[in-house]
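The following pair of complexes shares a single chain, chain A, combined with chain B in the former and chain C in the latter.
So, the complex of A and B:
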C-alpha cells in the first residue's frame, strides 16, 4: 500500500510539471488551431532565461518566472504576428505546422550556439530538499513544481473565464467572424493568445530547469509531451491540460513501478493511440469545439 | 562551334569530371584527410564536442609541432573533414555514405554506439577504415568487421577492473543493482557488469532498463531504497546520470557506493550536484597523472598542458581518447610506410606502441585491448578527481561506504 501511495505521489508531482508545460500548447491549439512545434523551444528558452537570472543575478527561479514569461510573451506575440501569420495567410493553417517545425530547428541550434551543447541545471538552495512522511519520500522541488503548476493553471482559468480579455479570447476561438463583427481585433487577439501560450511555456521551463537537467536538444521531448497531454486531457482549457498532465504523470509512474521503467514511453503512446481511437477530443473535449 | 556540339562537349566533360575517381581526395596536396561525423549538436553534443577537440588537438600538434608526418618519403599534413551529425544516426549515415562516395579512406568515429554502429557498417562495406573513441557496444566488434578499430575495450569487457575493486573493498561488496538505458552501449555495458559481478559472487538485486529518454526515476529509486544494494551501478549517459544522482539526493536514497560510468567526469555533473558529487565513482580511460609517455605529445601531463594551452573546454578523458585515434592512424601509416588503406589496416591490426595514452594495442576484433586500455576508476573526493583503482596507479584510497547525502554538503 505504501508503495502504491509513493508511486501515486511521484506520478502526481511529475504530472503537475507535464500539465504546466502543456497548457500553452493547448491554448494555442484550441484558439488558433495551430499545432505549435516551437512549443518546446519556449519551454527550454524559459529554462535558459531562469538559469541566466539565477547565475548572473542570484534571482530564484520561481521569482524568475515573471520576467522570463514577460520576455517570452513579447517574443511569442511578435512571432505569431509575423512568421506564423504570414504562413497562414499565404498558404493554409497546415503551413504553420511546417513553419513552426523549421523555426524550432533553427531556434534549437541558435540556443546551442548561445549556451553551448553542455547540460545545465538550476540549483537553488532547496533543489535537493526532501520531505519524509513515515516511509514516504517526497522531492520538495517537484512539490513546488506541482504547486506552481496549479497556481498558474488556476490563474489562467480565472483570466479566461472572468476577464474581458479571456472572454474575447473565447469568443475569438468560438466564432472568429462574429467576434470580428462585434468589434474585436481578432488578429491582435490571436497574437495575444499565442503570446500567453509562450509565456506559460517559459514559466514551466523555469520550473523544469530546477527539476531536471536540460540542454537545447531537450525541447523535442517537451513538445511531444505537450501533444500527448492535450490529446489525453482535451484541447483549449487549463482543466484539460491539468487532467491530461496528471494522467500522463500517473501512467508514467505506475508503468515504471509495476510493469517496467523501459516501457513508460510505450505505455504513454499506447494510451495516446487508444484515446485517439475512442475519444479523439480528449477526456474534457474541445473547450471551443462545440460552439464552432 | 555549333550549339549542339558545345552542349555535347560540355556534357561529356561534365561526365568525365563526375566519373573521375576521387580516391586521390584522401591524400591530395600531401594532405591526409580524415572524414566522419561528430555530434556537435543534439543530445550527445557535450561529449561530442570533447571528442572533436581531441581530434583537433592531435591534428594541430602533428601539423604545427611535428611539421606533419613522413610516409614513403613524402611529408603529409593532416586535415579533418568532419560534419555535425546532430546526434542523429540517420543524418550521420547519409553523410558518411556521401564521404565514402567522395573517396575518403580514413574515418574517425562519432560519439555514441547508436551512431557508430550504423556508420561503421557503411565504411566497412566500402572497404574504408574507421578508428573511433565513441562506440563501445559489443555489436560493433563482434559482427566480423575487419576495418573498425575502437580505442576503448568493448562494453562487456569494461567491468573487469571495477569488480576487482568491489571485491577488494572493506567491507566487501555483496550486492549490487544495475540501471541502464535502452541503447546498445548502455545495455552491453550492463550485461558485462552483470556477468562480471555474478562471476565474482556478487548478487545482482536489480537489473533495470530505463527508456532511452529519461525524465523521472523516482519510482525506480523507491525500489532501490527497498532492496538497499551495496553498490548502485548506472551504465547511463551524462544527462541521465545527473538526473539519477539529483533524484537520489532529493529522495534521500542512500547507497554505500554510487557508480556511474558516464557523467561524473563532466563539468556539468559537478555544477549540477556541487558537493553531492563527492564520493561518486566513475570510469575514466585516461588520467593526466598517469605515468605514460611516447613520441606524440610526450607524457600524459604534456598532453594536458598542450591541450589547455590551445583549447577552451575542460579536459576530460574523451579529448585524450579522440587524439589517440589520430596518433594510431599516423603511427600505423608510418609503420606501413604507405597510405594504401589495406596496408594501413594491417598496420593498425598489428599496432603496439607506447604513448601519452598508454600502450595502444587492439584485439583481433578491433576493440581496445582490455588489459592495456581498460578503465581506471575515479572517485571525486573533496572536489578532486582521484584515481582509486587499479591500486598500482591509485592516488587515493576509495571512500567506502560513502557518507549519506546529508553529510556531503
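So, the complex of A and C:
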C-alpha cells in the first residue's frame, strides 16, 4: 500500500511537469493547427539555458525560468513569423510538419555540438533533500517542480480566460476571419500564441533540469510526451494539458514500478492507441470546438 | 438621390478579384452616401460576398479602389479597416461559438476607436437587442440562428462604425425574424448609420434602400433607386420570381 502511494505521488509530481511541458504544444496545435515538432527543442533549450545560468552565474533554476522563458518567447515569435509562416503560406498547413521536423533535427545537432552528447543535470542546494511523511519520502525538487508547474498552468489559464489577449487568442482559434473583422491582427496573434507556447516549454525545461537528467537527444521524447498528453487530455486548454499530463505521469510511474521500467514507452503507446480509438478528442475535448 | 460626386462616405470603383485564376469579381463599383442605405443584390455566386470582403480588407483586390471618407483604404488589412470605422458583419454570422455573448461583444469593442466607450456601447447594443443581455453569460454557440445574427450585428456595432456592411443578415431566418432584423436595420439608419446591405432577400432590401446595385457575374449591371428597381421588369423576373 505504501509503495502504491509512493508511486502515485511520484507519478503526479512527474505528471505536473509533463503538463507544463505539453501545454504550449497544445495551444499551438489548437490555435494555429500546427503540429510543432520543434517543441521538444524548446523544452531542452530551456533546460540548457537554466544550466548555463546556474553553472556560470549561480542563478537558481526556478528564477532562471523568467529569463529563459523570455528569450524563448522572442525566438518562438520570430520562428513562427518567418520560417513557419513562409512554409504554410507557400505550401500548406502540412508543410509545417516537415519544416518543424527539419528545424528540430538541425537544432538537436547544434545543441550537441555546443554542449556535447553528455547527460546533464542541474543541482541546486536542495537537490538531494527530501521530505518525509511517515514512511513516504518525497524529493524536494519534485515538490518544487510540481508547484512551479501548477503555478504556471494556472497563470496561463487565467490569461486565456480573463484577459483581452486570452479572448483574442481563443477567438482567433475559432474564427480567424471574424477575428480580423473585429479588429484583431491575426498574424501577430498567431506569432504571440506560438511565442507563449515556446516560453511555457522553456519554463518547463528549466524545471525538468532539476528533476531529471537531460541531453540534446531527449528533445524527441519531450515532443512525443507533449503529443501523448494532448491526445489524452484534449487540445488547446491548460486544463486538458493538466489532465493529460497527470495521467501520463501516473502511467509512467505505475508501469515502471509494477510492470517494469523497460515497458514505460510500450504502456504510453498502448494508452495512446486506446485513447485514439475510444475518445480521439481527448478527455476534455477540443477547447476551441470542431473548427478544424 | 445619392450624388455621384466625390462626396459619398464610401466610394468603391472597379474592384476585381479572382480565386486562383477563376474570376469572381470583375468590376464592382458603388457609392454609399453619408446616412444612406444602399443595397447590393444579386444571385448566388454573383460575387457579392467577395466584393464586401474586399471592401472590408479581408481580401486584397487585384484592381480597383476603396475610398472611405476621402481616404484611400484599398488593400489595408481588415483589422486596420475596422479601426477606421468600417465594420463588416460577415455572411454566416461567424460568431465565436465557444466565447460567451458578453466576451464576443467586448472583444470587438476593444478596437482602438471604441475602447474608451466599451460600457456605453454595450448598453446601446443591449438596448437594441434585449435578448443578448438576457443571454450574455451563455456561449454564443448555444444561441438560436436569429440570436446569433443579432450578436454578429451587435459585435459590429461595438466597433462604432461609420459604415456598417451587412452580408446576408436574413439568411436562414424565419419570416418573423427577417422582419425584425430589417426593422432594426431601419432603426439604426434613422439614428444616422450608413448601411451597405448585401441581400438575396430582394423584396425587403429594395423597399428600404435609397439606392441599389445589381451584381451579376462579378459586374454591376444595373443600378437605381431601390423602389424603382423593385418594379423593374428585369429585376422582377430575375430575383423576385415574378413576371
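The rule is short, and it goes like this: the second predicted complex is superposed on the first by the 289 of 292 C-alpha atoms of A that agree within 3 Å, B and C clash if a C-alpha of one lies under 4 Å from a C-alpha of the other, contacts with A are read in each partner's own complex, and residues count from 1 in each chain.
Operating definition for what follows: a residue touches a chain if its C-beta (ideal position, glycine included) is under 8 Å from a C-beta of that chain, and two chains touch if they have at least 3 such contacts.
Computed from a predicted structure; not experimentally measured.
**Student:** Just chain B (first), just chain C (second), both, or neither: which does A:92 touch?
**Tutor:** In the superposition, A:92 contacts neither chain B nor chain C.
**Student:** Who does A:139 touch here: chain B (first), chain C (second), both, or neither?
**Tutor:** First partner only.
**Student:** Is A:167 in contact with chain B, with chain C, with both, or with neither (first, second, both, neither)?
**Tutor:** second
**Student:** So, does A:82 touch the first partner chain B, the second partner chain C, both, or neither?
**Tutor:** In the superposition, A:82 touches no partner, neither chain B nor chain C.
**Student:** On chain A, which partner's contacts cover more residues, chain B's or chain C's?
**Tutor:** Result: the larger residue contact count on chain A belongs to B.
**Student:** One more residue to check, A:182. First (chain B), second (chain C), both or neither?
**Tutor:** second
**Student:** Under the definition above, what is the set of chain A residues touching chain B in their complex?
**Tutor:** 3, 6-7, 10, 13-14, 108-109, 112, 116-121, 123, 127-130, 132, 137-142, 212-213, 215-217, 221, 252-253, 256-257, 260-265
**Student:** Quick check: in the complex, which residue numbers of chain A touch chain C?
**Tutor:** Residues in contact with chain C: 164, 167-168, 170-171, 174-175, 177-186, 287-289.
**Student:** Give every residue of chain C touching chain A within the complex, in rising order.
**Tutor:** Against chain A, the touching part of chain C is residues 56-58, 77-79, 82-83, 87-88, 90, 94-99, 103-104, 106-108, 110-112, 141, 155-156, 159.
**Student:** Could you pull out which chain B residues touch chain A in their complex?
**Tutor:** Listed in rising order, the residues are 40-43, 45-46, 48-49, 87, 182, 208-211, 213, 215-220, 222-223, 225-226, 238-239, 242-243, 246-247, 249-253, 266-268, 271-272, 274, 276, 405, 409.
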